[in-house]
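Okay, got some structures for you below.
Each of the next two complexes has chain A plus one more chain, namely chain B in the first and chain C in the second.
Showing the complex of A and B:
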């Protein structure tokens, strides 16, 4: 069933993602980005019909951490607003559904995350089954290494191929002034076999914001809106023992529902924090060598947790805005070993 | 093209208690979800998407628990969205699920909210020290007591009103098999003799800490036509947020609450809420919030809310029953409390509220708020489908 209304990404902004941002609160990190997207469209907070954000209390180390960010947004007079305890890509999904109902014509979506104050590898273990798995503290790199090992054993990839993904991503990031790693880094030593440091994302802090608009409003505010032709997300079982780690059926299904397979895409921004995950996603999304994958450098160049998925949608949209892409796919992931995946298909008007 | 009408065809709750040591978090949520499916006479296969909500992750000590709960909620292979808007989250979660149906993204959606407070310590979860920010060391009661005092001073309400609300809600809870507190020997004198915690709030005027979950099945017009029991139709729903603290904030009657209610009434064609609405489930964690919200939601003029309460209008057999289920004062699994309000409103207009049913309830309001009275979520449900 086609969507009731056309909705587009009309503006995108992000911070420079950095290893640490000790001198900044989350709100201070976020505010310049909010101003950037509002300024680029000429909109003011009072012009925004709906606001939705994504973040995590566990990263912030406190309950209700999103309330401080909301104060920064300037919620006065009161605004129509919501929050998902997920990557900002899912906040964008909620905002998209709000626009579909016709209850709003414009939406501001933002996400932020600081990994630097703690050990993000340890923090992410708290996402796991709290009775049987989390008490063992298997960290995010170790779990990704299990997946990488399964792929290598299945003959889907090998270590040199993974090193190639890493090198390509960091080379692409050279053109992205916001990226954290902007030049080739050596593959380094094994962090958790078979993953070397080069196969893993940098740990960093960052924020991003997007503005959505429906129909004619999008055309008024943006020279070349990035129309969301489809967006869908799916979740898989949590336990790694019942999943085939070499495949991503949730990504494939989300892509199908988002219409990704109806026509080829020219660009794909994949949220693959580990080199091995790009292998899984390329297969699930049937991406050929003719598709420009992660021209931004992807999550291997900057992976602010809770933000990196929204950044993928933003990067894909920005390419459409500037005419570098006509039909792009954006992907976001959450949970251990690609448990939950979102796929959006964005298009520019024909030129 | 207009929105798809949305109907509630299934409601399920757990029996709320201080500690459900017999089930895991997954077991708890599954119990409520299965009851909602049973009510709707549907199976997991009929559900297109799951929208889940709860208050801060620190309350159970699990980061983004929806990931681990995907299996227990039949969400594998489906979309699963996690909402978190502080204490209003149960209401917001239901509204996000409503939106998925109204926007024709999905036909039938399971929405669920929970809190298993016994897994952790909510007071600790709210009191983590953060540099340069005042910790809420006195708990929620310490934060809200001055606002209650301000209300009393502003309106001249006698200091007996709070105990009337508590006495009423605890008696209503006796008629609700799912309510946490069943105080069979409750008397007004006992409420008034209970210890003062945060002046003017007494022990018996506060909510308990509960383990519990609430679920609803929402569906489109075609789904409602197949419903074995009467559906509740969503006539209006809205969320509003305002800053936590700023000089212009009216903590007694926040503008976000007024705006949110006005939006819902506009959508539902409610001209006079006092006359047009038959029953209200409002978020009253401390008894004085009943008269305060009666004014904020437009059921009484400013300064007059306490008079409605005092005259018995909000009793179960009154002219405008409030918190027929016993309310948050009798049951408070924080993240689920808002959804329970929404679900109880739906039960009333479906005529399925059992012993606490308001005779002939056709339109009911479900209300939730959170944070420092800065997040609001409300919906109005009716026995008839919306006309427009």
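Showing the complex of A and C:
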């Protein structure tokens, strides 16, 4: 069924992503970004029909941590609000469906994550199968390294090619003032072989916010709305040993259902925290060399956990807003080895 | 900006999890040094076994034994083991497809170095000395030169055990360094000088204590610091009759919402120095500090006439 009304990303803001931000609480880190997107549209908090956020208690080490961040959106008198314990890209998906129902015309979507208080490699083990896998504490880099080895064995890539992905991403980030790594970092030593530090994302803190609006409201508030032509998200089997780690059928299916293959895209913002994952995603999404992949630098330049996926949608939309793209694909992932994948297709009005 | 406070924060939880029929059989099997898989309706054997086919969603209950030997399908060399991981010395993470299985299991391989590991290498289970019915009953894998091993019995095991494990306890521990951020750090630092500091919203002018850095009504940053108290008014209260573990306070006692003078939000604290059944709304109180306390131990009557209801009804 086609969407019953058009919905667009009309504003995007993000913090400067940094290794630590311990002088700020989550809400203190988030609030300037919320005001940035509100100010850029002229909307006030009371104009927002629906608010949805993404974050994780495991990063904060505290139950119901998102309730503190709600202070930043003016939650009194009561607002229509929801939260996903996931990357903000999934919060955006929820907000998009809310706008499609016609119950809301505007939505504020935000996400935040501070990895600096804990050890994110250990924290992420808690999302694994609690019976067979989590008791072994395989960290996120180790699981990505298993996938990288599978790709190398399959002849899909090699270590120099992965280094090339890393170098290109960090070079692209030079033009992104928000990125954490904005210059070549070198491949460094093995972290978990075959992945070197250069193949892995920086650990950091950050927040991002997006405003969605439907139909004519979007045109009133934004010079060139980034229309969401489709979004879909799919998941693969929980058990890593059941999957072909060199492929991402869930990404391909999500892209197909989002309409990504109907016409070529000029830009792709891929949420690939590890170099090897870009190899998988390029194949699954059939991206040719003519597509500008991660002009922002991607997650290899800044990977605030629970935020980086929403940033991909925001970066793709921002390129449409400023006329640097006409049709862009944005991808977000969650879970080990690209377990869950979301694909959005964004378009600007014809010029 | 004042110094930002930091403190270690440890989150530990022992999750008790029940096992279904398939996971119970698999983990009991590990305890008995038997590796079990589950047969799918189209004839594949999944190890580790699951209760529902990840492809067809068929319910799976047909347990079959596979050999304790297998083949590495992918691997990663971990030169710096982390807390909780299967081996304390450098090892390879491996996905191993057991002989007789069609899928692979994640575990550790004890090997001398990365040059001795390759995809396709043969491995076998090294059993843990003490086994309880958990994935860690497999201590790790080790290199193995032989061909496919055979299951222990000639007909294989069907997954029936006389004393099956029905649950696991999965302990977890995560370490953090907690930092409360700018507003709460300032609040805590003022408390160390026995002052209570809130922050005023620039928009609605309300003073929040303790401050969180944002006005929840206006959604804007609160930055102007305002000293409140030390005295305040009991706005509402309850009588606690259950003794909390690790808390050395005689019951019954009174826990109250206290609107400090100058604050637009009540905070909570214990009321002492007065019989519990004489505490009342409007009672004027003052903080009592202990020698090394970082916040008031409790509040006691200030010896003033009660506050009129009209003066605090907005703060209830």
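What we mean here is this: the second predicted complex is superposed on the first by the 351 of 351 C-alpha atoms of A that agree within 3 Å, B and C clash if a C-alpha of one lies under 4 Å from a C-alpha of the other, contacts with A are read in each partner's own complex, and residues count from 1 in each chain.
Going forward, a contact is a pair of C-beta atoms (placed from the backbone, for glycine too) under 8 Å apart; a residue touches a chain by one contact, two chains touch by 3 or more.
Every value quoted in this text rests on a predicted model; they were computed, and no experiment measured them.
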Which of chain B and chain C A:76 touches, first, second, both or neither: both
Which superposed partner A:239 touches (first chain B, second chain C, both, neither): both
First (chain B), second (chain C), both or neither touched by A:253: first
Which of chain B and chain C A:93 touches, first, second, both or neither: first
Which of chain B and chain C A:61 touches, first, second, both or neither: both
Which superposed partner A:153 touches (first chain B, second chain C, both, neither): second
Partner chain(s) touched by A:134 [first = chain B, second = chain C, both, neither]: both
Contacts of A:119 with chain B and chain C, given as first, second, both or neither: second
Partner chain in contact with A:183 - chain B first, chain C second, else both or neither: neither
Footprint overlap on chain A, where chain B in one structure and chain C in the other make contact: 58, 61, 68, 70-71, 74-77, 123, 126, 130-131, 134, 237-239
Chain B contact footprint on chain A (complex, rising order): 1, 3-5, 51, 56-58, 61-64, 66-68, 70-71, 74-86, 90, 93-94, 97-98, 100-103, 123-124, 126-131, 134, 232-239, 249-250, 253, 334-336, 339-340
Interfacial residue positions of chain B with respect to chain A in the complex: 1-3, 24-25, 55-71, 75-86, 92, 96, 99-100, 102-105, 119, 125-126, 128, 130, 133, 238-246, 248, 254-256, 259-260, 371-372, 374-375
In the complex with chain A, residue positions of chain C that touch it: 1, 4, 6, 9, 11, 15, 17, 19, 23, 27, 46-48, 50, 54-55, 73-79, 82-86, 93, 95, 97, 103-108, 114, 119, 134-136, 168, 170, 172, 174-185, 212-221
Parts of chain A lying in touch with chain C, wherever the complex brings them together: 22-28, 31, 34-35, 45, 58, 61, 68, 70-77, 117-119, 121-123, 125-126, 130-139, 142-143, 145-150, 153, 190, 192-195, 237-242, 245
